[in-house]
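Each remark here refers to the structure printed beneath this line.
Labels run A, B, C, D, E and F following the written order; every chain starts at residue 1.
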């Protein structure tokens, strides 16, 4: 990873983390941000959910989409160019928005399920997974999904522009330290600088089970791994009911 | 389940139960309401059908959709936010409305069957389950399904708003006692409070067959389990002919 | 089956039988009507075709659709509500109307075959059974099918309204005797009452072949079994060529 | 087969034969007409092509569609009702018209092939046989096919109305003799009556090969079997190149 | 093959050969024309490409479509009727035009690939080979393909009308000699008559390999076999890259 | 390969190389250009990426499409005709543009994923790979893809017209030397002539592994092989995330 890629990654992750720190209601705080590549991931932002996620409220889902757009928005603001690195984020926010429209009845299309017809057959071939709604309805669904994502994208741009100094500080911290914690994110947002010390932890490779205990807190955290292309944000994706 | 989730669950189930108690014609009274999680279900409302369900009349199907919307409506009225917890209810009411339009000829589209073409073939692959009607007809079907559900959704909101005090009382009773019976639901609706005593029953896990006899009444009841996401309402779903 | 279901079944079957008795040209007289459940069937109307059915004329097909709508129409007139019990009838009349339009060239769409493309392949998978006509043609087909069925539905309502007293008498006879014969149907229509005696026959379960001889007349009759949901009318459905 | 069905069959076959006798240019004369049922066929009209059919000219294809409509037209003129018996004819003329439009470039849509996309795959499943043209083109194709068939249908009605006496005479001859030859058809058309003697031939069932020689002329004839439903006209259908 | 079919075949092949002789730039001269049937082919026009065909230029592809339409055009001009014999030509020119639009970016639709989505799967079922473009784009593609073919069809009609005498002479030469060479085609076009002698060659059936050497020139020629239906022109069809 | 094909190939490859040399920001310089056929490839242009490609920025993707159009543009400018040789380039640029629109959110359609519905099933048959968006959205996607490619096509035409002399010099160098290096490309662009010596290298056929070391630089290069039809440009195609 050369300097250009490291810088893009740092701003991309800082964008996710900063937006989440601003929009979160204490439900899903940022746990850690890192630009240490792992597997196919160039960097990742991890979250620490306060409780088991049983339900997803409309307000929090919109925040989640906003956070998901934070990486792309940071690239756009800082680089003046955009990359394919946000492809995973784009897929995630589209999926979430689609669930809000088609499964959870959270939009102007009403509490109606818009689904694919289910034709299960022995030996596979689910057919074309044909839509069970009309082209006109498909157009409305496309429009509402687009509007939800576009609105949160603009909101994330506004948040990052409002906290531009914090964004730069956070990206610089990542370039210097590679990994920072959630409290550093909050300090940068509040005071313009990190105040807690950086504790260098050796993140051990997966080890034999006896060690699993120490890693408990870590393993409960939800990660936003950017798989190979700086994207990710998979963890907070709501598991549709 | 933290307090927030318990409160949402209590109001969601109270919404189902209260709407059903208001719209039912004695055909399918509420049997029991509970917020004790079981399996993937955070709570459930159970019904006690008065006889085998051989046919479904249009009037009762509309009531059933109204009851199904009661959970979402309660969330909206009380929380000012809506959750993914109604996804099962949304799927159920959409399926019921679709049957009314496409299989049972109960709407302005007339007594015509609008179906998927049936191409059964050895070794599966039902093809795309292609619709055998035009896009124009598909649009009309979407519109009528939407209107049926939307109308009952609004009706359920009106019912709950009219009985807002009863809704609060019922939710509080659930938060206090976890399970209440159908007569409590009716008492709260009529007198504003529960008058019968709460009988704590130990709901035994499924046991060997000798015990099945005692549980007969229970097992005949139709449940509205909210599977993991506060939804459900599966039992009264009409089995299409 | 409680009193409510018995009453609905009696009127539903009486509706089929009365309409058929009025529209038939002697080709397919009513043989027997019963509200004794058998298998999934709550009741049935049986016909006695005068000869092998080799061809289907347009006039008789329209009568057949009219008869098929008689059950739903009776429910609507008498109960003021409609049930899912007509789902089998609705499927049958739609199929018949579709054949008239798409296979038998009996409508304003002309003597043209509008069919699904045939792609037979080893090991199944008929593909999506894709239509080989345009969306515009599909719209016209939907419209003509709708108009055929709707017109016969209204015609059956008119017939039953004209013979409302006979409908009530026939339903009462069914509730009292459970099974009446075709001549009773005709007597009620002509004289307002049954004049022939009711002969109670024991309808034996299917037995070893030696007994099959006695049942010959019976087995030739075409039945309109209402499978579980008061519907049916399968027998007179034309076997498309 | 009762008298009604025999009469319909006689007029249906007479319709085919009479139209062909009028429109043919000597290329494909009527060989024999019969109302003796064979297999699923209630009757048939056989033709005797003068040479191997290598190509199909537009003019002769239109004549062939006209002949195919002759059966339905005769029913309509004589009975005032139409039957499902023409379903095979309807399928045939539609297929021929479709070839003229989509494969042989014989219409205003130009010398362009409008076909199904070919996706051959190991072990079948030709997919949905998806059209490789647009909905707009599909509409034009439907329209041109409709117009070709409708025009020949009207032409066959005109031919039969012009020769109404011959149609009656021919049907009566069929009802009396069951089978007549092509020369009888021509005599009735020209002189109003049959002048050649009727030679009763025993049409033997398919026999061992030694007998095949005698049947040579017969076996070369193209038949218009009406399979079970008075339809057919399959033989002269052009084999698309 | 009777006289009528021989005459149609002679004009059809003469049409192909004459158009090619007029439009060719020396790249793909006519090698031989024959009305001797071979296999399913009633006649054929063979070409002798000057080099391996690695690429296809737009100008030459249009000429090739023009030549492909020459057979149908000759039938239309001389017979005043058209036959199914051009079906192979029609398929070929449509395929070529489609490649020009969808694969080779040679039209006003731009250098964009308009293709079918590729979903290969073990055990077949390529799905519906669904188009990956919109209905609107499909309409444009249909229009451009139609216009390309129609324009070359008209061009071929003009060429044959301009050289009507040569067309007649060439058809007569074919009816007399059955096979003529490319230089005869050019002589008829230039001088109105054949000037070189006709060398009767015995075209041997495929023989053992030692003889293959003598046949080298022959085997390099590209043929325009009219398979069974006077069509063909397959050889010069560009193999899409 | 005759002189005509060699000239087309030389200009086609020179077009790719010259456009890339002009638009590249140092990220992906031209490594070598050759018109020595290899396998199905008539020629190829190879690139030498400066680092692992982890992400693709919008600006570079547009440059890549511009470079991909350089071959077709050179043919058009110099020959006044276009060939099927660009089919591989056309496929590549369309795929890249589609990713920009549908996966990477880089256009006015917003950061939304427009994808095919994923229905994986045991034993293949991905169904029809049905689009999960509406026809209206499909139209917009087609339009934006078209505009992206068309704009870069025009840009490549402008670049080559501006550097027409360099284009001729480069093509002549290729016709003379068959292979030139990236520095020659840059010299021609800057000084109007090659200044470095041509080093004739014997490009060995793939050999046993001991030799693999010497070939390291070579093997890292990304090639733009023109497979059989002068096209290619596969290497720099972004691997979608």
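Convention: a contact is a pair of C-beta atoms (placed from the backbone, for glycine too) under 8 Å apart; a residue touches a chain by one contact, two chains touch by 3 or more.
Quick caveat: nothing in here was measured; it's all calculated off a predicted structure.
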Expressed in steps between touching chains, what is the minimal separation of chain A and chain F?
1
Farthest chain relative to chain E (centres taken as mean CA coordinates)
B
For the two copies chain B and chain F, what rotation in degrees overlays their C-alpha atoms? Round to the nearest 5.
120
Between chain A and chain B, what is the gap in Å from one C-alpha centre to the other?
34
Separation of the C-alpha centres, chain C versus chain D, in whole Å, is 34
Just the number, please: Cα centre separation of chain C and chain F in whole Å.
68
For chain E, what residues touch not just one other chain but two or more?
123-125, 127-130, 135
Mind listing the chain E positions that touch chain F in their complex?
51-52, 54-59, 61, 99, 103-106, 109-113, 115, 117, 119, 121-125, 127-130, 132-137, 238, 240-241
Provide the residue numbers of chain A that touch chain F in the complex, in ascending order.
1-2, 5, 8, 42, 69, 72, 79, 81-91, 93-95, 97, 116, 123-131, 135, 138-139, 141-142, 145-146, 149-150, 153, 227-231
